[in-house]
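Let me begin by presenting the structure, written as structure tokens, before commenting on it.
Each chain carries a letter (A, B, C and D) given by its place in the written order, and its residues are counted from 1.
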């Protein structure tokens, strides 16, 4: 099927190298590795960049998803809700090699969305009594209630995985691999989508599109995962 | 087609009367009347309730959408971004019969969403310099930037319009009639969906559902609009 | 707006020159809605509507209107290939994040430093700001199309706005029946002059100070 | 958790009695994941996953797993009729708005007044709270399934939690291998006693104070 590259967004992994550098922030879609773009994670590994700030739901597993970058010590800082499935993250945190900012999961995803929506942040009462969440955050009173001020998260580059894209970058996800991808897709200054299939303009129903192409800058076709899932490992 | 009322959500308009009373707040979906549920607006008109607080994008046209309730002086207060298409709203505001709180449109819809998401509010810099927006709102500084604290909006009842529903209340909208409906659907303490078509459980693709049925309490079948659109009026 | 069809289209045509393929563009009502008539056939410009559409196409033929496919003004539209629907939060997320490349809208007043007043005449007309504040504050380029003067002959290009502002220092370009003004760091710059108006006539009709571009373009009738 | 399969299922079965048709239910990992085995066939309970599923069904048959259809623990699931996918903000919106009727989860400690500690052992294990704080604080009913004591024989039902809290005063019911405790305004109430444990044994094994229900249900082996 001939795909017209009308918006000049469709490219190869090798065309993307200039977007990455030491010390940058990268937001990633995915949940326990599911829905994290495998080809883009491998590209970052190959580029040998370091001191990254990684922002996303969790640190995957040691050799699954964003966990690969964590295991290889590419991150100096992580903002996530959970690192339990990747023991390397906990180990590097203990040795001081990795700084971890924990955000309750519902708060984290709203912070990612707020970044994508051009908001300054959101107000929530989750974690108001818990020191590890509250830390030095501002609080605000509205009537009888008190809320934590949770700031928006953005990143230099967002990497996401989707099932289908068209040349404008409209994205459709795959079942629960949607998870945090639509949020990461909006919150990057630059957003790269790795997709299973690229279809011609007009092939996606305008009703089924989850992420409008407006938010997507680059589209690459995926070769699929090169890891075994935990439940496949016998 | 036989539809099982598995979740006891499918009902007739007459079953809903007990949900409405004087002085309550009602959030409505729709944009210029498009996507506002016509049967539910008529039900409220027939119930002769008054002193309502109406929350939604705009006041429709005098005889279109929520405009019917405004024209009939059922509202004592409106929170909206625009009342220009319904001269009655402006007239009653001038005479003091109607209190109007203006919110910039992007802020208004985020406030509606925040209510549906259980958040306290959002931070935005839109309207920070404009007195009619800023009023007595709190501001907050994050680093170099200042933001307005915009509070979440909720309502006693939300009324929305959708194209398709299943018995769980999963909703799919129709083109640009989606507009503010998914937000209103989430923000009501009770949410009523008026829908063009009710389909059996399993008939909607789990990928295409925009509003999960979790947010919907009652489903009624629509008889369609009983007004002429402005562009149809010759 | 009191301008003839020909002049309205002249203004719209000039505005169309500011748009390129791949851009996300939001058009207000009035003259801005004429801009698509002046774009090249086969363009790939994506038009955005605040109610939740990216990729609006031309107006539908009579009898082909769909009440559930309308622009933010409530009038029927169509969509083009690559279009999508979203709820209004996402439509405004695009705006607030600065992804709208160009917004073209009307105005009551524009000041020398680009302040915009386009939504309220206190005591007279208080329709509400709708999406105007979001668009004016956040679009990458804000182009105002308006009559040079109001119906009383008073300049709408002013030293300082007397009406409540929509947003401060947001306007990049103003196009009237007399010409095109760019808002520069130092003030207004006349870049295009529309015949039959002379520089002298434009000066007399304009309260705001403006410089004249060294590469001024002069359009014939 | 150090409990045999039979006891784990006994606890899960008792928890299943708290769920009714039409409820939205979120299950944690461990014993909670056994709860669906004890629900009536043909039920209409909708299971929720934080990653973005409403309406999870049974585990897939071996070989039928789909890596893109997994629960929040990363393990393959299926969906039932009426299911839908959403992004994680919507999944957590359901939680924060209080639409999750029942959440069933594990714990490290529960206090007399319903404080929950289930996510961190300072200096030892700091996995992050994931969605536990949201769920514990906002679900309409929080049911904890846990061993009565830790591996050192120390009661996990405590007067006051010594570990960092997940959320304050959030737990409604605790089910252990010894019985069922409801968190009442005045403190804990033992409502169900599981044989072979005697009231005396339960008292000795429990740091927290508790009352005994006048309508105590006693389950045989």
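Definition applied: contacts are C-beta pairs under 8 Å (C-beta built on N, C-alpha and C of every residue); 3 or more make two chains touch, one makes a residue touch a chain.
Small disclaimer: the values here were computed from a predicted structure and weren't measured.
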Between A-D and A-C, the pair joined by more C-beta contacts: A-D
Centroid comparison with chain A (C-alpha atoms), farthest chain: C
Computed distance of Cα centres, chain D from chain C, in Å: 57
Distance from chain B to chain A - Cα centre to Cα centre, in angstrom: 32
Distance between chain centroids, defined by C-alpha means - chain A, chain C (Å): 36
Whole-Å gap separating chain A and chain D, where each centre is the average of the chain's CA atoms: 29
Residues within chain D bordering two or more other chains: 85-86, 89, 92-93, 95-96, 138
Shared-contact residues (touching 2 or more other chains) in chain B: 110, 117-119, 124-125, 173, 175, 206-207
Which chain pairs touch, all of them: A-B, A-C, A-D, B-C, B-D
Parts of chain D lying in touch with chain B, wherever the complex brings them together: 22, 24, 44, 46, 48, 54-55, 79, 81-86, 89-90, 92-99, 138
Footprint of chain B on chain A - complex, ascending: 110, 114, 117-125, 138, 140, 142, 145, 147, 149, 151-152, 172-173, 175, 206-208
Chain C to chain B touching residues, read off their complex: 49-53, 65-76, 85-89, 92-93, 95-96, 120, 125-134, 137-138, 164-168
Chain D partner contacts - residues on chain B that touch it in the complex: 6-8, 116-119, 166-168, 170, 186, 201-202, 204, 206-207, 209, 212-215
For the chain A and chain D complex, residues of the former touching the latter: 31-35, 57-58, 61, 80-85, 90, 93, 100, 102, 104-107, 109-110, 113, 124-127, 129-133, 163, 173-183, 210, 225, 229-232
